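In the two complexes below, subunit A is the common chain; its partner is subunit B in one and subunit C in the other.
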Partner chain A sequence: MSDYIHPYRDAEFVLNELVELDRLCADAGLSDVNGELVSAILAEAGKLGSEVLAPLNRTGDTLGVRLGESGVEETPGFADVYRQFQEGGWPSLTAAEAFGGQGLPNVVGTAVNEIWHSANLAFALCPMLTQGAIESIAHHGSDMLKGSYLPRLVSGEWTGTMNLTEPDAGSDLAAVKTKAVPQGDHYLITGQKIFITWGDHQMTENIAHLVLARLPDAPFGVKGISLFIVPKFLPDREGRFTVRNDVACVSLEHKLGIHGSPTCVMSFGDKEGAVGYLVGEPHKGLAYMFTMMNHARQAVGLQGLSVAERAYQQALPYAKERLQGTNKDGSRFSIIKFPDVRRMLLQMKASNEAMRALALVAAAETDRAHGADAARHQGRVELLTPIVKGWLTELAQEVTALGIQIHGGMGFIEETGAAQHYRDARILTIYEGTTGIQALDLVGRKTLANQGALLADLLEEIGETLQQLEAGGERFAVQANALRNALEAGREARRFLLDNAARDPSLAGSVSVDFLLLFGYLSGGWLLGKSALRAQALLNAGGGDARFLNAKLVTSRFYAEHLLPRTGALLAAIKAGSASIMALDEDQF
Partner chain B sequence: MKILVTVKRVIDYNVKVRVKPDHSDVDLANVKMAMNPFCEIAVEEAVRLKEAGLATEILAVSVGPKACQEQIRTALALGADRGIHIETEDFPESLEVARLLAKVVEAERPELIITGKQSIDSDNNQTGQMLAALLDLPQGTFASALKLADGRVEVTREIDGGLQTLSLSLPAVVTTDLRLNEPRYASLPNIMKAKKKPLEVRTPAELGVQPRAHTRLLKVEAPAERKGGIKVASIDELVEKLKNEAKVI
Partner chain C sequence: MSDYIHPYRDAEFVLNELVELDRLCADAGLSDVNGELVSAILAEAGKLGSEVLAPLNRTGDTLGVRLGESGVEETPGFADVYRQFQEGGWPSLTAAEAFGGQGLPNVVGTAVNEIWHSANLAFALCPMLTQGAIESIAHHGSDMLKGSYLPRLVSGEWTGTMNLTEPDAGSDLAAVKTKAVPQGDHYLITGQKIFITWGDHQMTENIAHLVLARLPDAPFGVKGISLFIVPKFLPDREGRFTVRNDVACVSLEHKLGIHGSPTCVMSFGDKEGAVGYLVGEPHKGLAYMFTMMNHARQAVGLQGLSVAERAYQQALPYAKERLQGTNKDGSRFSIIKFPDVRRMLLQMKASNEAMRALALVAAAETDRAHGADAARHQGRVELLTPIVKGWLTELAQEVTALGIQIHGGMGFIEETGAAQHYRDARILTIYEGTTGIQALDLVGRKTLANQGALLADLLEEIGETLQQLEAGGERFAVQANALRNALEAGREARRFLLDNAARDPSLAGSVSVDFLLLFGYLSGGWLLGKSALRAQALLNAGGGDARFLNAKLVTSRFYAEHLLPRTGALLAAIKAGSASIMALDEDQF
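On to the complex of A and B.
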């Protein structure tokens, strides 16, 4: 029996009851796609995840990766996992049919990606980056680039990478220094990129690097950055990709977690210059990156859920099996009988279910943003993206820490395996924009820039769910009261920010992370409240799995009692504003 | 050559089996179900024969409630060409399944029938043998290797103390053992295509069979919980306990 099993029941509950997948597919004209097909897809992905990806999760952690003669050598066994993953056609899931993709909705891709990231986070980063490369080429590449790169990336024959960061250009990409000089039909790229995930490996015969660089005539700052494709191998005269391009991994980082994922220092143009091809128009590279950002950030938020789910599955059997209490007759009982252990397990379970609901509901907004009422759905995507990325990954820190705590001393010992999830989770609040960056995005572009209109729309929808809970009477009283308070906290936080941001230039930045977390907890409470309503309706109708649905009601109640009230403390911190945060001189720190 | 494979819907091997509180049966309500692992091996073998150019059509058949169509779809995703679902209210006993399958075989005339050697739920290990008997066909059970040549099938069987190789005339019934092959995972494109493959639903009445019950399930009990072990001081004590307490020697 594998140590990871996809929680398909909860995923399908969210897809059917909260996302309303069948309607989403019908609206999108995908007559062939329905809950039944998605359930078959999730079942097979779950099998591959449990049986093929998951068993190598720990191997990746302990053996890691190394830099050898011919480049980066991935963890032994990963190449075989990749081969099976590729042969299964999984890289093609959401890609366009024109390039060999299956054209499935983003929300289905997200539900499947949860499996890969839970099973083996370090491995799953590789296809995740490939998906990013596919999107940028599909949206911005010329027909020629699309024709030569997309079919190979979609089939998984090649993988893709994103080369943005440089030693002096991290969160501030305006400082990118890598150069691109035109030469005939291509460009010669020189420079160094750091933190390049899966920048090199031997699993596929080629790798397509997407690279941000400056043209010689580029304007200063963010408006002077262009996007290029730099393949690891260039075509020879027969069109086979055998000619080594002037790009190489020159060093690997030693990291706290995700050891199975090579984090590379990439050097471009050490000799004659790396051959690259311009994607789209000059100087638009950063704008192109922004078009992919919602997807990439939501994908990292999803990783928060995935690693938290894995930590829960690690802690749960331990809590059931670990005998540490003695009955009066001398027999012993397992630690799950202790209220505090149950509290921790429920906190993990409730957090995970709230995260799954938000991740999938947000992913579905991306699909709906192509149909009727597109602007409203796109607005919701914009608003939810920093919340999904920021809140899910922050909550994952707590859930994976609880996973260790339940194990006691055994959790601190590496061989147990709980520690890996905690270490692996730690990167998630950092890459693809730190929590601080997400929070600035939320208070700035997503709130102040539209006078809080996007938030007002969300708050109104949460208000509708609150009314339904209130109409449910005594049965939902706990959820209704907690959601009412949290909703009021959300409204007040929004008003406070809108009223005071202009007066105090440090305010938005000072309160931004608390603001983000508040809306994260509120969104989780909203969707678990909605889940309770749906679960009860199913129970009343006598359908569904009563054990699962009754547990959902309890989990929703636990969340309302134990996690949703955090919004009150966050509101208090927000209303304290910037006063103490900005009060000390730098040398007083 | 047409191959008929049988697939049974059973409780997923990853699921911890629970007994109903009244001990009347195993609790299957809302439990994750999957294709019987030995049936997966049967499907895989048929698909390999087709890929090797030795078979032209694979027909997957399942007997049971409507939900069995999920397992037929899985077989179609793995490479079967079409499916037949014989819809019954419950899962009939082995002999009845064999009688229903016999009717399908008579109508479809496959040259090779591959079934799992047993299902992981009832563990009867009967259907393949009964089917062969009903149709008066040669049978090769517990196959760990299968070779088609010169209009015959050579079956290597796992038997006590070694391997036995039989050469059977066709048509024949072969039941699969664990080591025959390692089943593949269904690919995403094939899962999508499986939806469009033909799946025909038949009833026992249409096939002229009235399933009967030959046995009654009296009681199901969970295995006794394992009690803590003890250390023995000597070999003599161990032998004494094995003889008198465990009564196994």
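On to the complex of A and C.
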């Protein structure tokens, strides 16, 4: 089992140098928020993460959760963790002040959320989903719903869930069958939802379930889905939430990972029907889901970084302590002396730094989308969201696998702990939309729908960083050469898609995942190139922690050498198009 | 849970078209062995695999093994499987006829072993390790040892184990501490061994442990290690094996996968010392281990193919049956219609076919190394062994991960079965020498030690296939272009290593894994290119199963488009050398 320490130096470097947090806060009129305050917040969160959340990460894995007579019993100890989490005010960090929130920028919330997900991924899913519920209600709920639910969700007094999936409706929500029948001021909901994360627990007195269902007059397909709030407990005559609503977890899934997070089959309306309240207008449920999808998807991408960081922190001390080489005099040395072990560690470290940079830069775009040049920033949010979700979670698979590999045989032993991160990470490319779904979003709504304008804008900005690297001469030659090749691959991939998608209906789907990964690696290379420029500038000015900044130059270079060249292989696969992919009849597979 | 059916058409295609089995058998003087007989053997093995081994694969995973009062209790049902396996004569397939073996070529044994590993990886480890024990004794044991042990191991009456690893001696066997003290005609062994696969069970009346230990006068390091046989039971006065030797499993590991395979901590000589018999000469244990290492390493590489094949067979029916898309009229279609799902399936299928081709071609080289032009074939065995072990097992990680991904959320649910293959596969890049160890072997003993001669010979043969593809014109243009680039990458990587390794002691270790993977992808591309040529020739001649042969042309093309280009990215990483890998101080990680 590993300890967890928040890598605050790297987070602060990204916030200060890439995000330019002070400027972001000033532009947003948050005069009392600045880098110093954020560092203090991160330090406090880091402490809670290390001391309270992280020690129960393995407990969640080994003890898991169970379904008892009065519902789901979370892992022993989690309720106490939740209490401390709530008392620290963490659920309210980025929520609107009108509902008791602290109104901090999303990018600060994201930097803090990295800590929760690293410390205890299974636990952190609970507040993450609550945040999604808060957003849905805040954006689309009536004033009455807002008044009833938001203060309690924002304070963490209650938690929230998202109920989308049904046995026959996963990626394809058109098939949702759960019904909602109007009855006075509310609706009666009946149906079954599956894969509901934290669908039940005993940590809070109530749970607000957000549920997709169909009204009796609903049109066919995704345009006939409405959004409802279904609380676990309804108010009694005194307004206390003591009356059990007709909704319950009827079974728990036995999963590969995140054992501490209950994944529920939820049954609505087994008896008289579950009381629910319509959020916003009828038939707009899917659109409302999309409102918060950018946030939820970026949050899952962030989990990719978080679990990869945890895997790195598990592997690094092992590599430093494990004696395995023998010197000629019989003395031993640790495996971190072996170049191949260093290569694996650097692959993890460089990947993590690229992921952190992209996750925070993308999060900051959602803040900037509320200020000057809003449309451009919102466009960037739209573009980066599937890349953050898709690429970070795919990269997390590789990093957590390397975490096992560095341990050798010990990595395969569950008690070591490396395997948990590997197992936990495996869900990330699946939930909140698979990599394939993210990739279709990227090539379709985010690229073809705007003739590649959003990508062109990103490519242009990357080109500016390339010019700065080129201007730096020999010092940045490795990064500049690799980024130039990758940028050209990105341009060519964009052109190829735009030129060919219309005449070949299978093309976009055939190349989509490679397309997403290409832009992921390119974006990472862009931001680590930019990081090298900033690190060198700080070194030249004699500012900052020189050993940290010099290491940043090394990881930037390693990334350019080892990860950026993958864009060439991805481009080749993209340009192969759909022919061989569509060639086989089903019985030839 | 998935059924398993041996993909006999592909195995036979590889055996007939790439291995040229009939010629191999004729050259070896095995006049009664031919393709027809081998097909019959494969059909019989496939039946046992599907009907007997495969149904217990999931049982092994869920029930696992336990340590009882009289030792390790294997998964319920495994003893019966073993009995049928033994009664079928499968343990003796490739063993020498002098000891009751059937004397079939190694490549036939390998084709059959693919079935056992696919059907039940955890179970199949037991006969796999027994085969290793047989080889050690057959090559290095005295006539007395051979006479006592081989007939019983070959018949499957007993099983064998390999006891190498100790807590402080994993990849670095120089640190082995287990002691052997001479006493009359035998030795008394004391020490602890870890990670001993199938170190104990109740399926057979005896187990022969092969153990590395040090004699009292042993020189320091790997040159002071000797090899011993330590039977679980010693003979009583009537020659029946009823006297318990002082060796026991003292605990079992709790592992990420292969739960049906007991991984034992073995204690030797807790009381009076375990009776052991020296195999061959003193201090030559490590050399003896190397004798069978080629076989054992190729066998683990084969497991990579096997578990990947099983993962494919798990994912394919799901993709055909899972309805998730909705047509405009409301009817549903299965996810195999989606190009991205087809891409994932083809990635699995093409990878598997490349792995099968390389595994069987490498296995055939070990047969040919006993005939004409033996030195060249033995050189090829030496060269291909680390590639087969390293590349196939790394590729298996990707294929089993895709197997989960195709299932979406269901892939993360343990009952689905896809997760087991993913967990089981994770050990393969670790045991029998990690990928890093294989890669060091490839760049060191197999390349630098012979100035790249072995690689040059392989590259030349690949060049011949390239010429044939080029001569085929437009029909093979995709394969030819991709193979040309990959071949050039291979040549450049070889030159770069030879030119730079001497002046930079960190270089070989820094680039080794990328070097191994590059030659893995290149070898796969070579053999699938060759497969395309043979498939087309058969089609032109009107022979064979046209739908199968046309599918082979498609997977060959897909591989050239999607997997071969990775060689470019790997070459770039290789040419980056060691600078950034060696740049950081340990505290900068």
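We take it that the second predicted complex is superposed on the first by the 587 of 589 C-alpha atoms of A that agree within 3 Å, B and C clash if a C-alpha of one lies under 4 Å from a C-alpha of the other, contacts with A are read in each partner's own complex, and residues count from 1 in each chain.
Assume a residue touches a chain if its C-beta (ideal position, glycine included) is under 8 Å from a C-beta of that chain, and two chains touch if they have at least 3 such contacts.
Keep in mind that this is a model prediction, so the values were computed, not measured.
> Taking the superposition on A as described, I'd like to know which of subunit B and subunit C A:K349 touches: first, second, both or neither.
After superposing on A, A:K349 lies in contact with subunit C but is clear of subunit B.
> Kindly classify A:S512 by the partners it touches after superposition: subunit B alone (first), subunit C alone (second), both, or neither?
In the superposed model, A:S512 contacts subunit C only, not subunit B.
> In this superposition, which partner touches a larger number of subunit A residues, subunit B or subunit C?
C
> Touch test for A:P55: subunit B only (first), subunit C only (second), both, or neither?
Neither: A:P55 stays clear of subunit B and subunit C.
> Based on the superposed arrangement, let me know which partner A:I41 touches: subunit B (first), subunit C (second), both, or neither?
Only subunit B; A:I41 stays clear of subunit C.
> Touching A:L93, do we find subunit B (first), subunit C (second), both, or neither?
In the superposed model, A:L93 contacts subunit B only, not subunit C.
> Which holds for A:G224: it touches subunit B only (first), subunit C only (second), both, or neither?
The answer is neither, since A:G224 touches no partner chain.
> Name the contact category of A:R547: first (subunit B only), second (subunit C only), both, or neither.
The answer is both, since A:R547 touches subunit B and subunit C.
> Answer with first, second, both or neither: which of subunit B and subunit C does A:E253 touch in the superposed model?
It touches subunit C, and subunit B stays clear.
> Please indicate which partner A:Q102 is in contact with in the superposed arrangement: first for subunit B, second for subunit C, both, or neither.
first
> Let me check the overlay on chain A: which residues of subunit A are in contact with subunit B and also with subunit C?
Common interface on subunit A, subunit B vs subunit C: 547-548.
> Give the list of subunit B residues in touch with subunit A in this complex.
Touching subunit A from subunit B are residues 13-14, 29-30, 32, 34, 70, 73-74, 77, 185-192, 194-195.
> Sort out for me which residues of subunit C touch subunit A in the complex.
Listed in rising order, the residues of subunit C that touch subunit A are 165, 168, 170-172, 174-175, 194-195, 220-221, 253-257, 316, 320, 323-326, 330, 332, 336, 338-343, 345-346, 349, 397, 401, 404-405, 408-409, 411-415, 419, 422-423, 426-427, 429-431, 434-436, 439-440, 478, 482, 506, 508-510, 512-513, 547-548, 550-551, 554, 557-558, 561-562, 565-566, 568-569, 572-573, 576, 578-589.
> Hey, which residues of subunit A end up touching subunit B in the complex?
Of all residues in subunit A, those touching subunit B are 1-2, 5, 8, 32, 37, 40-41, 43-44, 47-48, 50, 52, 84, 87-90, 92-93, 102, 544-548.
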